[in-house]
Amino acid sequence: MENFARSNLTIANDFSFWGLNIPRNTGNQVGSNVTLLNVDQIPGVNTLGIPLARIDYAPNGGLNPPTHPRATEILLVLEGTLYVGFVTSNLNRLISKVLNPGDVFVFPLGLIHYQFNIAKANGVAIASLNIQNPGVITIANATLGSNPPINPDVLAKAFQLDKKVVNDPQELS
Amino acid sequence: MENFARSNLTIANDFSFWGLNIPRNTGNQVGSNVTLLNVDQIPGVNTLGIPLARIDYAPNGGLNPPTHPRATEILLVLEGTLYVGFVTSNLNRLISKVLNPGDVFVFPLGLIHYQFNIAKANGVAIASLNIQNPGVITIANATLGSNPPINPDVLAKAFQLDKKVVNDPQELS
Amino acid sequence: MENFARSNLTIANDFSFWGLNIPRNTGNQVGSNVTLLNVDQIPGVNTLGIPLARIDYAPNGGLNPPTHPRATEILLVLEGTLYVGFVTSNLNRLISKVLNPGDVFVFPLGLIHYQFNIAKANGVAIASLNIQNPGVITIANATLGSNPPINPDVLAKAFQLDKKVVNDPQELS
Amino acid sequence: MENFARSNLTIANDFSFWGLNIPRNTGNQVGSNVTLLNVDQIPGVNTLGIPLARIDYAPNGGLNPPTHPRATEILLVLEGTLYVGFVTSNLNRLISKVLNPGDVFVFPLGLIHYQFNIAKANGVAIASLNIQNPGVITIANATLGSNPPINPDVLAKAFQLDKKVVNDPQELS
Amino acid sequence: MENFARSNLTIANDFSFWGLNIPRNTGNQVGSNVTLLNVDQIPGVNTLGIPLARIDYAPNGGLNPPTHPRATEILLVLEGTLYVGFVTSNLNRLISKVLNPGDVFVFPLGLIHYQFNIAKANGVAIASLNIQNPGVITIANATLGSNPPINPDVLAKAFQLDKKVVNDPQELS
Amino acid sequence: MENFARSNLTIANDFSFWGLNIPRNTGNQVGSNVTLLNVDQIPGVNTLGIPLARIDYAPNGGLNPPTHPRATEILLVLEGTLYVGFVTSNLNRLISKVLNPGDVFVFPLGLIHYQFNIAKANGVAIASLNIQNPGVITIANATLGSNPPINPDVLAKAFQLDKKVVNDPQELS
């Protein structure tokens, strides 16, 4: 087989990555794990703007929580049953669907979206994004969990919640 | 003075708008009012991508709540005292400041941000955005108030809140 | 489960596609089959520029022949063993590698590249491209098989081949 | 009030500027003064491409003379009465209007334009531009006042003026 | 020779134009003539953004007068001796040179520039521009010759000229 | 004449190049020679994205062989008779034409194309490209002549040729 691999492997490695078939650990608070391949993992992708991600979901409710990356995302389900959705701008319409393996879903650029595994087994999806460094903004962390915190008067008014909830959200959970 | 206005006014009007000096009504739930001039108000701005907005804030807590438009925004305070901030991606760092008339602040593209009037008088700001149709996504409305609603299991897990709060936020306010 | 699917499915379907887990027929001359999802299959991807493709390879030499789409492509191997490569511009250096399931490879925009399944079983890969309508240009078809044909004097000189080969390539195969 | 300002002010300052409410000196030849905030004044605006400017006009004829920056400009009048206009390409049509406080006008990218204060009091406007470093090209200075000068044969023919005027314009003023 | 032209000529014509080798009439006020090929002449160039122009100059002073198109321009001299230049933004520096056949010169986007034939014979140049519809803004026409005219108070102050010159420039020429 | 050249010539030279009127040597295997002016020859063109090229063709079959640069190209014939064409994506349609001096032809971005001089005299063309560094990919060299070579099993299957031809194409020529 080696006659198929005569090129300079050092350079070929700049354009490749391995092991995206290995399940990731989802034993965390939200029950999901995003493995994002971008220019840090694949130097050859620099300026080419097309990262790929593997997302693992825990059984029974593994959640990739509401985020709004600076990129459009196309998602292919490999395992599990994912309830997914995004919310449109201006009118706040929810567009959602339940996806099974082989199903594909598109999340338009900049809209809040999520995936939620409702299967009793692990979920796995492959996502592709259309910019090189999409950034990650988890809504709950950015609003209720910033450092330093946003003044609670602002959050209470914004979410129409009691200040006690905003100051100490985990007490209620 | 009319010798200064000999052009075709019909066409000139396509490039202009009037009355941005008139205070807007801030008697609503959050106590703010955004007057956005874009291609719908100024046809001549089409494809030129540079809307302008006047924002009015009620005294003692008028809030332009956390949003993430698809645009960078530069804000000039004309009246009031505004506590403003944005949250960075990935690390969720809050960058905030108190602004007085004549102060300018930049909110980078796609980051969650807000302005909160802490003066006892009305607040007024002028904002400029770098794309033609920036869209408006109010975080609280898009997550807790979409139509139809996002499944409460998702929201409760995302915000680490009790499902009762998520289902009926106004009871707590 | 239906409480997870309350949105307008007609609209959700504009953002989705199903059945990308179903093997495609590779019983053709080159032994491969590309299923490209773009704006024709997923209307919601319009202007969002991020098609996805499933590629099936026959065992023992299924070939996705040298092409140069107007897009960068990132490929994830799900099954099979793929000998892949691309040729740089100017110096014509071949950058190639043998990939196994879970391996990822990036083909930069506009460079001639190929994948060749050297496993005894079927091969399957998922590819993502960074523009909406990348186009397909198979080198051999575009040069030796255009309609009408390129004048054989041009082809013979370009490929440094006998005119007889150029005129009737299948006789030699 | 300090509980509203807990963030790292050093960083917040990178995104802010103060004093745009302070009148500028208009005691110069044309009677106007442009205070442009761009990446040099607000480091945080870097790559975000949205400078803001304050323009002061002297009473009775303060002029921001014909220029053609590499940007679209949207202008909001705060004080004074401005006779403004731009000239279209190809047909050289003048599109002009008289603006009062609260009026907004858009000058499309690359077209020659001006503002002229016809009020007996000072004029003030806020302008926003859609690129980071728009550059300033004052027509009269770039043609009649370059360094070294453009050959007077060229200027005389271009403006259909006597060479004496071109060589020594101030004698006539 | 016809075996070289078997394609659908109707379509091929969408990508071609003829007769750019034919001299154009330069018997006009400035002594030059620009033949611009853009999407109107070559439908196939649509969205491809690369017009080409032939410029003819009269002997002894044919002038392509100061203009600032929305495009970068690269010029190749075929005949004549051209004194060319452009003026930088901000500092108004003139960058000029005398060009002979075979010489090439680049005029950066948006800067005022000109070509002036100082040979005793006709001049011819080929220019290529990097956007599809660059527009033409002749400085003198756009300022002194707009329709309706810019108010003479503005022009006199801008150019530091007597109002009489501005009102009736041809009297002095 | 020197009063036309008073500017800083060091800087003017950054925007210019000379000698594009001098015939180039076409005594090579394909009988053509491309002189490409880009940022390496004209520093001032940096980021302005508009290279220019002179192409010389030998009499009786000088060939600029099938290539696919990352740019749209517009070609003006100065001398010779050129049989030119490009092949569309997807359907592999050949669009070709015979060009004479003064004729112009557009080759859309990324499509395989060629020019072939069928005159008994030298051919000369000027080509303009719409990106700064278009790259050169000669199809035959990139497929049959890469370094290291593409595995012959791939090439034989791709071109439907005998492996002996692929391994040693020059024996047949």
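Chains: A, B, C, D, E and F, in written order; residue numbering restarts at 1 for each.
Note that in this section contacts are C-beta pairs under 8 Å (C-beta built on N, C-alpha and C of every residue); 3 or more make two chains touch, one makes a residue touch a chain.
According to UniProt, the chain labels map to these proteins: A, B, C, D, E, F = Germin-like protein.
As the structure is a computational prediction, the values presented were derived from the model and not from experiment.
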* To do: Would you mind checking which chain's C-alpha centre is most distant from the centre of chain B?
  => F
* Would you identify the chain whose Cα-based centre sits farthest away from the centre of chain D? => C
* Distance-wise, how many Å sit between the C-alpha centres of chain C and chain E, to the nearest whole number? -> 45
* If you average the Cα atoms of chain E and of chain F to get two centres, how far apart are those centres in Å? -> 27
* Structure fact -> Multi-chain contacts in chain B, i.e. residues touching at least two other chains, fall at 4, 6-7, 83, 85, 93-94, 96, 109, 116, 148, 151
* Residue ranges of chain C in contact with chain A within the complex -> 1, 4-9, 11-13, 15-22, 37, 42, 44-45, 48-52, 72-74, 76, 78, 81, 83, 85, 93-109, 116, 118, 126, 128-130
* Interfacial residue positions of chain F with respect to chain C in the complex -> 29-31, 61, 63, 65-66, 68, 70, 83, 85, 87, 89-94, 96, 109-112, 114, 116, 135-151, 153-154, 156-162, 165, 169-170, 172-173
